[in-house]
Amino acid sequence: MAPVNLSHRRTHNLLLISKLLNLRDTASPLTLLLDSLEQPATPLIQEYIRRAKLSKVHVTLVAFETVKRPDGCDAIVYTRRKTPAEIIKEVTAAYQPVASAGPSKRRLIIIDAINPLLSSRTVDPNFHLPSFLGAFITPTKPAALKSDASLVVTYHQDIPGFPPQNPYLPSPFSVLNYLATSIITLHSFSHILAQKAARDRSLAAPVFGLEEEQDGVLLGRLDKLVGTGAAEGIVLELEHRRKSGRGVLEWYLLPPASRYSANHVKEIVTLLDDNILYNPPMESAYGADEEPQSTFELGLTDRQRRDREGVVLPYFDAQHGDGPGEGGRILYDMGEEDDFDEEEDEI
Amino acid sequence: MPSQPPLPPLLTSYLSSQPESSLTLISSILGATSNWLVLRYLYSALSTSNSSNAAIGFDESHNGAKKVVLVSFLRGWEFWRAEAKRLGLDLARLSDKKQFAFVDGLSELFCPPQTANAAPSPSPISAGFPARTTIPLRGPPGAVPGRAPVSALPALRNDNVARSPAELGVAKKLHFSGRGTAALDALEKDIIAVIEQLKAANDESEEVLLIIDQPDFLLAATGASMGIGATEMSEWVMGLQQTVHTTALTVAADSPLIHNAAASGNQQSTPVEGEHAAFAIGLAHRASSVMQLRTLETGAARDVSGVLRISRGGGLSGANGLDEKELLYYIQRDGSVKVFGRGES
Amino acid sequence: MSFRKRNIGLSAGVDRAAIPNASAQPTPPESIPGIRPSPDDGRPTTSTGTPSLDGLLAGHAGLPMGKILLIEENGTTDFAGALLRYYAAEGVVQEQKIHVVGVPEQWGRSLPGLIGTAESLEKRSDKRKDERMKIAWRYERLGEFGAGIAGSRDAPTPTGDTDAASKQAAFCHAFDLTKRLAHPSITNMTFIPLVPSRGSPFVAILKRLQDAVTSAGPNTIHRIVIPSLLNPTMYPPDACQPEYVLQFLHSLKALMSAHATRITAMVTLPLSLFPRSSGLVRWIELLSDGVIELCPFPHSADALATSGAATSQEEPPQGMLKTHRIPVLHERGGGSDQNVGQDWAFNLSRRRFEIKPFSLPPAEGDKEAQDAPASSGMPKKADLEF
């Protein structure tokens, strides 16, 4: 890839992720986070909340699986034993924009896991996922001030779904994928590195956790994975649909939260391709025609090269013999450097 | 052989410190059951000192001891009492002191009790344990409590005891009736009542640890046709979780129960498998720590019972400082446990 | 750990009984026939009717009371049924109450006939073994070693020596499959039929079991025999709904834990209909205290008939046996027993069901194996030449 191209991509795509994570300009009304046990979305959600706090965005957590209100979260709405309509009502009520507060305040609504809702048996069969999600982004109450709401929905990919009642309907997961304006799939950095290392050697990529299909293994993630060193962080695979209709696909790296302070403003996300562990800088890029370095001097001086070309190999003459029986003689002229002992050696 | 401490040193930090409203998931398989780990949780929460010989509960004004509610769906009171005794925990006494409560999800969950006027059933307890008299039984220090034999037969028992001593420790017997969330709500109400009783008992420590042993069985044995699915079960757990300080759950993570459905081709999976996988994996997403028990991949070894992998779960209230580890354990014949790293012994 | 006396855990029941703690146990003043304390921890156990199966159960030398043993079988053979008949016959001889679920009364008439105590059979076979050793002197050491293993595993003789044993009532008996059991207490068997009903077919069964157990005297020992659970020729199709079968097993477990010293149960399950890879079967296994899987060899293969036998005189094994869970041991948490994870082979002869360590055939079999590819390789070369 040409370096120019890369730097262009870098500026563009870093700007994009920064916009998305900072919820600027409602770049993405509906963000879908696809996570798994191997890399839960928790750190990314915490990053969302951190950034929201920095820019004074109101954060509501719709808790399908969280029990305790996380730090930085302004409101938490428990969904236990509530119908979708009740949930929407409570979420809307959780934030009352003050009319005189000048510019309308933005708000972030996080659904910590959508799976329970999708596989619930108590939910009305006429439950309509698109309108449920839509109700968060554009509240039906017209009296309310127009507040820019962004919705971040987590979907656990490894939780099996259930066959829909109507076999002709698309699965809820496909619907979510279709509706989302950006989709972030989370990967563990150490796993990505292990898979890349295997790919570079043309080996089958290793699998982790549930995919190992080992009896008794739910999680394969361990801090110290063999051979990856201290590869911390989360890999974000972003698929973003622009308003123009164009799609963007990029891989990013989010460093662990311990690497920066909570008030850090500058962008911390980098491109995965810029990571030194993922893409080690190649030496050969600078000096392609240099010989490999060694303690042995393998090169030749000009004089040595000339001498080498002048050497006549022993069988050279024998190849054009003058007659029968003539070919095959070894023509060798003794040089002074030959250590020839008259008494011992005979030609 | 040197006796092992009741709490393996390598596990102490994992067993004792759970952040508030956290969920710990313990997964087990057919050949590597979780009972020993649950017992270590009980011990860590209930015992007052680390010296195993000290009589438990001697010191009334101890600190740090939490209250524990144990809900067990697959094992009866007798099992837990006898096994805890091996560790030096007298659960019956602790439940008298309102520090511990056992909720029995085994004996009458699906079969309602026999008609009340029937003669009291012959005492279920094995007479190997002498009937508790006014003085609580306390083994002499140094005696191996677990060796108390269970040999004698009910023939010795007099059948006139209306309520056998063994049942004194059982705070509540769960009954499942009806279907759907209503049935679950009834169970939840029963358990919460026990939790509240424990909380109400005057004591400065309010921290209640709730241990539910194999709630996944409830899901498997009721299933979709009774209107109970993984979501309903998870909500049930959440409802209980909200009333206590910390929660620990054990679930089965056997390959047929998890991977048949979690694998890509989930067409062939049966509802039992699908619901179980959704429930167990969903819990792991919520848990702050996941303790996975399994057998050795390389086959059985003489001095290794299994592998314990401790990982962080996906929960938001996750213990970020948790050190992920994989350890081996060995259950000795006397019930004591040795935990060690690979390559150590 | 370094001071651990390595032998203790590995030796036969005799050594274990010598552990001081065990001697402290109160001896029941009134001994009930067929029940004896486990040499491991003193809990009451009863015999499965198969000495080598008793020996497999983690040092308890019998099935601990209050436990459910699940025998699974692959294929269409009925080795599990033989184990079940031994189990029932042993119960009849010990004058226990037998409850058989789901099969007609003919099943009770096919129980194997009594031919004495297990020790008597053991002695006879020992004698035979001695004779053989004289012939094959080269293998004498090997034979002794094997006998030692077999003796410690499949015949954990009662703690006393022989004359003490003869004074005591026998714990385990030997049966002959070709004979029919005639015993006065054979009428102690009750057969619980499956009655067609709406809802769970197990509710009526459970009710009868509960009534029988609670109404019987406290001295009565019960054996619950459930042949071929969920077999579609006996059970209605909806019996395999998890809410029916799992609730039944759970209630059975509850019943047994409520009368923990008076009941044992043995269940067999046809794996070819309900494979182990299914979640339902795994739950059935998780609800059982012991899980044993039988994998019979295909009978037709003649080659297999000679393989696997340590010597040509020994009967060849008829299949492999796997222990997935052992009562009490796994409930405590782990497979530290030497019997777990080992390869076992079983052999059913007229007089006994024997379980012994599986060993690959020695040179004899290898030679055949080497010959086979050589002979098959030759025609290939010939084929290549035109």
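Chains: A, B and C, in written order; residue numbering restarts at 1 for each.
Following the convention adopted for this analysis, contacts are C-beta pairs under 8 Å (C-beta built on N, C-alpha and C of every residue); 3 or more make two chains touch, one makes a residue touch a chain.
Everything numeric in this text was worked out from a predicted model, so none of it was measured.
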{"item": "Chain contact topology (line, ring, star, complete or other)", "value": "line"}
{"item": "Chain pair that, of all pairs, has the most C-beta pairs in contact", "value": "B-C"}
{"item": "Inter-chain centre distance, chain A versus chain B - centres from mean C-alpha coordinates, in Å", "value": "40"}
{"item": "Whole-Å gap between the CA centroids of chain A and chain C", "value": "54"}
{"item": "Inter-centroid spacing, chain C versus chain B (mean Cα positions, whole Å)", "value": "30"}
{"item": "Multi-chain contact sites of chain C, meaning residues that touch two or more partners", "value": "none"}
{"item": "Of all residues in chain B, the ones touching two or more other chains", "value": "32, 254-255, 261, 269, 295"}
{"item": "Touching residues on chain C, where the partner in the complex is chain B", "value": "1, 3-5, 9, 21-22, 24-26, 28-30, 32, 35, 37-38, 40-44, 206, 210, 214, 218-219, 241-243, 246-247, 250-251, 253-255, 257-262, 276-283, 285-287, 291, 324-325, 330-336, 338, 340-342"}
{"item": "Interfacial residue positions of chain B with respect to chain A in the complex", "value": "20-21, 23, 27-29, 32, 180-181, 224, 227-232, 234-235, 238-239, 241-242, 253-255, 258-259, 261-263, 266, 269, 274, 277-278, 280-282, 284-286, 290, 292-295, 297, 309, 311-318, 323-326"}
{"item": "In the complex, chain B residues that touch chain C", "value": "1-2, 30-37, 73-76, 78-79, 83, 106-111, 114, 118-119, 121-122, 124-126, 128, 144, 146-147, 149-157, 159, 217, 220-223, 225-226, 252, 254-257, 260-261, 269-273, 276, 295, 299-306, 329-333, 335, 337-338, 345"}
{"item": "Contacting residues of chain A [partner chain B, same complex]", "value": "35, 37, 40-42, 45-46, 65-68, 70, 80-81, 112-113, 115-117, 119-122, 156, 158-162, 210, 213-219, 221-224"}
